[in-house]
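Okay, so subunit A shows up in both of these, paired with subunit B first and subunit C after.
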Partner chain A sequence: MSFPWAEQYTPKHPLMQWVDEKLPVPRLVYNAVGAGYPVPRNLNYFWNFGVLAGLALMIQIVTGIIMAMHYGANDLVAFSTVEHTMRDVNAGWLMRYAHANGASFFFIVVYLHIFRGLYFGSYKAPREMVWLLGLVIFLLMMATAFMGYVLPWGQMSYWGAKVITGLFGAIPVVGEPIQTWLLGGFAPGNASLNRFFSLHFLLPFVIAGVIILHIWALHIPGSSNPTGVEVKGPQDTVPFHPYYTAKDGFGAGIFLIAFSILLFFAPNFLGHPDNYIEANPLSTPAHIVPEWYFWPFYAILRAFTVDFFFIPAKLLGVLAMFASILLLFFLPWLDTSPVRSGRYRPTFRKFWWILLADVAVLGYCGGAPAAEPFVMISQVAAAYYFAHFLIILPLISRFEKPLPLPGSITEAVLAKYGKTDGETVAVPAE
Partner chain B sequence: MASVEHTDGTGLTGEDGVRRRDFINIAAVSFAGVGGVAVVLPLIDQMNPSADVLALASTEVDLSAIQPGQAIKTTFRSQPLFVRQLTPKEIAEADKVDPSTLRDPQTLEERTVDGKKQWLITMGVCTHLGCVPLGAGEGENRGEYGGYFCPCHGSSYDTAARIRKGPAPKNLEVPKFSFTSDTAILVG
Partner chain C sequence: MVRIGAFLVGLFFSGWLLVSFLLGAVAYVTDPPAATVEHEFHLTPKHVSFSFDGPLGKYDQAQLQRGFQVFKEVCSACHSLKFVAFRDLAALGYSEAEVKAIAKQWAIKAPSVDPATGEAATRDPVPADHFPKPFANNVAAAAANNNAIPPDLSLMTKARHHGSAYIYSLLTGFQAQPAELLKEFPDAKTPEGLHYNPYFPNLNLAMAPPLTAEGQVTYGDGTKPTVDQMSQDVSAFLTWTAEPKLENRRRAGLATIIFLLIATGLAYMSYQNIWADKKKAAA
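Entry: the complex of A and B
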């Protein structure tokens, strides 16, 4: 689980020695996020987002459990209990705004975390399992956020639930029974609200469990780094504590400042005003949109407007939307280049930027009304998204001539500061 | 389990060549598997609509106040229901279309009751992803084909509430209903 030169846990206090013999939890922590975990010395700030995602999950769990104390999962009262939380409960407004904006920040850091992985090739061997587990977490987060958004039982909650469960109705033969089964009725109602609450309460803890597996899988090869060159010796690493506890702590400070600005000065900026109108099954809002973090996928869903042979457009859209995420599970085997980091892959790097722009365009179209020119733009952007992974990436891996890699992490670090390799041998890890 | 050597010299192998231990092993695990499945079934089934949801009474609708060209929006099984009296012009428009050119081929006759072709009763649930289409209310956008228009992703339905344009795959659903008198229907 670690490099041979990792610092050893040696409790001095008799009590700690006693604990270590009976249940070595302090040892586990020391080896996982303490001085016992050697980490490449050159990680940049893009390596902060994993820890920040964990922080966001903690914020969601704490504010969520508090809100659950004041919430009534019943279609007759749900909307008013959320308003009651906002107006009457002491600091209730803070809990709810922190939870709603916390979900957005959770997705912001997770998207940055994912795009970091895409740029630096973190999904490649030997870290495929880390990537796959990350995608599982992402899917669970989406399910959690979707169900959470239904709980306040506003217009967007109701119609979002209807449209998203309607996706399952697109599946031939079994689709409608599945939709009815998911909702516990023919339309979203009390049964749906109750089960969504139950699952919304459960899933964050499942996510916490999968995060443990994600980190376990990560700690087998250890973290990658911006050069993508594997650790070769003790001079390439520093102990996690205090080096990265400090760096992550600094990042957490920046994160909390940004979070507070949104939370205290524009708490409804990312929300939709229609969700302050109570759910009404007889009136559809003029423009149904999911939360911003689902927009790219929503755009792919809506990009299909004509039937293809015997497959109806509706089913195609649903398949494409799910495929756009499932595709990422195959990424470690679609990109066959032996070079990990985008730093040494000039062509790959350009297409990474194009992909980023493409997803941003999809996101914009997903939030826009279902009219031209957005439908056409979504179609082009959705096609490009799939082409990137299925055509462009395999081809680049084949034909690109990567730049020369540094001999080691230390060599790259020293080169950056104008020193030569000759001096490194004797230099210990700081 | 079953792959354990048969001739292990323990004398447990019966005359038919089946080892006693393998038989018990497979039988026990299969039985536990059946039990497991039997437990999972109710766990899944509890999520289906409960008796009170299914028992929702059928809906009676009074038609007397609906003038030709008008529609009302009511509910059936907690979903919107559209009841429209078509004008002769709207009927003619619907009949003019060759059904074989439609995405979900149906004639107006097939979608209404014999001799009461002017009464178009449909669910107000877009067959795309379930929004409530516009067009039942006074002055609402009825779309290019003069029937209903779904604002969510732009599906247009014609005067027989058949899908003509946009992503929805099917015509607006016609629920089961019958006339209880000349001016009243029972849906469901």
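Entry: the complex of A and C
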């Protein structure tokens, strides 16, 4: 699909005409991320993060494949093969630090991408499927990241695996058999390490596949934009190439600079020192914490300290942690306001900022030791998190009076540059 | 339906979290958590400066050689360095012949097999060998060290927060238990066989002070071997063993960032150039 005014692929070179007849892959690319895809002309920098997430995935796949060439997925040698990569493999230190920090940057850009979607109502009709597939990617990323963190077989790898698979142990009756089945034993061991490696290698390609679906679903209605007003005509759009390829090129440069600063000058800043200690089943670390990108969910997990009658607190925590992500799948039907963009929703906008602060607080508490006052703070923050999505958002969409929307994207762009509304009518299509 | 269900789920989770919060807050107020001796007496590492501090700092080869000497003459009696090979010492400025000699004369021999009988034997290490372990296994290590296994030191400075300063602080931090500690926590007396050190997480560690007197090693370059100097040198050496590629990394990083700044500047200009007609039309 595309808008009727989308540019058409017309190969001039006979070779390209020949290819186009036999297998129109260049045409597919042209229509997907080339000049054949008309995009709203008013996207701001927050629309860069989808492409940056794709770039982060590619960095992960390339560095990961090279690291796999030097890695031994066996609990006796895993830790030392990683050290071998760091010390004796040509540029091995670069591959490993790029992979470890690349995971963090993947999550940074994806979180920005998600919060952009939350602010500008990108999850709303007709783009619900884009949002749902994005959440599937997010879940796959979390699984991949978790299993990847186990592979170096350090102390946090081992105890993280034990804690996270232990979550399944909280399920009544079948919990413990499930945990044993997942680990391939009663505790993390060689069987767990091997299957985690196998799945960690597989899942990024599954993610790549779902990304194709995500982009496909996006191209049915076309990209959203900061006003939330749908495209009305050719004057509202520009071709993706060269306009947004150029902008994404600049965005990628900024991304790579930030990435390089961490990668080359503070590569262990986001890691935990305990993971440089080889896994030891007999010695439990003082504080078991996951990687920073799981901290908000870890805080929700630990916030439940009181049994609810016959439901143990641990099971409540596990249910709440899964619910905190699953509820996002219902978001398009919880927020019923017909106005998409937070720009024109004064009440919604305030609560969006509270949510952002709330998730930051949850993240901080998730990284802190499970002691007071962090548990109490995370209880209040987690209560807000659920209330925000399940109670406050539906109420806001019901009672909020949105601000007047611009008549079209072009009108909003012209208003930004100080032209009056009257003139917009006369603006010809570009 | 979706919204009613969501409302009930939200009410349940948020409500129960607030109940848990209230119960926790009441418990916190009526029965505040007791102060622990670790909380009150554990110290964060001392401030110490090294040549490799800062984003572009480099190792000081002379200091690494001195630190290696401290490791060789003091630490290596109990601690292994299993991820480091003798050949790696070339990075400290030793020639090939010197590395060969260091390996050959190493006090601990490399495990080997007697070619005639197939029985376990030992041989002189060669540059390709990693540093041989001082104990055959953990049981032997524990038996010889009051039941505590001396940890491998290869990665120690990366395996602790502020690792380089931590090693230095630990080595210079042994002291008598403060009187106020015993007054406040009479049960926290350092047990027999352990040694009080406020930089160690639980305050008492099995290792006896390893660097006790000035002149414990004799430096070839004339540096005065005070306990403080030896501690700094061995911390620097162990920073190198944990991060041998630090200088390559920083050099590559500088070049990468200069390249990226230029490339991003060009990308920005190209972005502005491509959008110029759109912005002009609007403005």
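In this text, the second predicted complex is superposed on the first by the 420 of 430 C-alpha atoms of A that agree within 3 Å, B and C clash if a C-alpha of one lies under 4 Å from a C-alpha of the other, contacts with A are read in each partner's own complex, and residues count from 1 in each chain.
Please note the rule applied: a contact is a pair of C-beta atoms (placed from the backbone, for glycine too) under 8 Å apart; a residue touches a chain by one contact, two chains touch by 3 or more.
Only a predicted model underlies this, so the values are computations on that prediction, with no experimental measurement involved.
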TODO: Please indicate which partner A:Tyr119 is in contact with in the superposed arrangement: first for subunit B, second for subunit C, both, or neither.
DONE: neither
- [ ] Mind working out whether A:Ala286 is in touch with subunit B, subunit C, both or neither, as first, second, both or neither?
- [x] both
Task: Greater residue coverage of subunit A in the superposed arrangement, subunit B or subunit C - done: C
Open item on the list: Quick check for you: in the superposed arrangement, does A:Trp131 touch first (subunit B), second (subunit C), both or neither?
Closed with: neither
Open item on the list: Let me test your reading of the model: by the given contact rule, A:Trp181 touches which partner, first (subunit B), second (subunit C), both or neither?
Closed with: first
Task: Contacts of A:Lys247 with subunit B and subunit C, given as first, second, both or neither - done: second
TODO: Figure out whether A:Phe374 sits in contact with subunit B (first) or subunit C (second), or with both, or with neither.
DONE: neither
Open item on the list: Quick one: is A:Phe304 in contact with subunit B, with subunit C, with both, or with neither? Answer first, second, both or neither.
Closed with: both
Open item on the list: Touch test for A:Gly166: subunit B only (first), subunit C only (second), both, or neither?
Closed with: first
TODO: Give one of first, second, both or neither to describe whether A:Trp47 is in contact with subunit B, with subunit C, with both, or with none.
DONE: neither
- [ ] Identify the overlap between the subunit B-contacting and the subunit C-contacting residues of subunit A.
- [x] 286, 304-305, 313, 371
- [ ] State the interface residues of subunit A toward subunit C in the complex, per the touch definition above.
- [x] 41, 80, 83, 86-87, 93-94, 97, 238, 242-243, 246-247, 249-250, 252-254, 256-257, 260-261, 263-265, 267-268, 273-274, 276-277, 286, 303-306, 308, 313, 316, 320, 323, 327, 330, 333-334, 336, 371-373, 375-376, 379-380, 382-384, 386-387, 389-391, 394, 413-414, 416-419, 427, 430
Open item on the list: Which residues of subunit B touch subunit A once you look at their complex with the stated criterion?
Closed with: 44, 47-50, 53, 73, 75, 77-80, 103, 124-125, 128-132, 151-154, 166-169
Open item on the list: Using the touch definition from the top, list the residues of subunit C that touch subunit A in their complex.
Closed with: 2-3, 6-7, 9-11, 13-21, 23-25, 28, 33, 55, 82-83, 88, 151, 154-155, 158-161, 163, 201, 242, 244-245, 248-250, 252-254, 256-257, 260-261, 263-264, 267-268, 270-271, 274-275, 277-279, 281-283
Open item on the list: So in the complex, the part of subunit A that touches subunit B is made up of which residues?
Closed with: 159, 162-163, 166-167, 169, 180-182, 184-187, 189, 191, 195, 281-284, 286-288, 302, 304-305, 307, 312-314, 317, 370-371
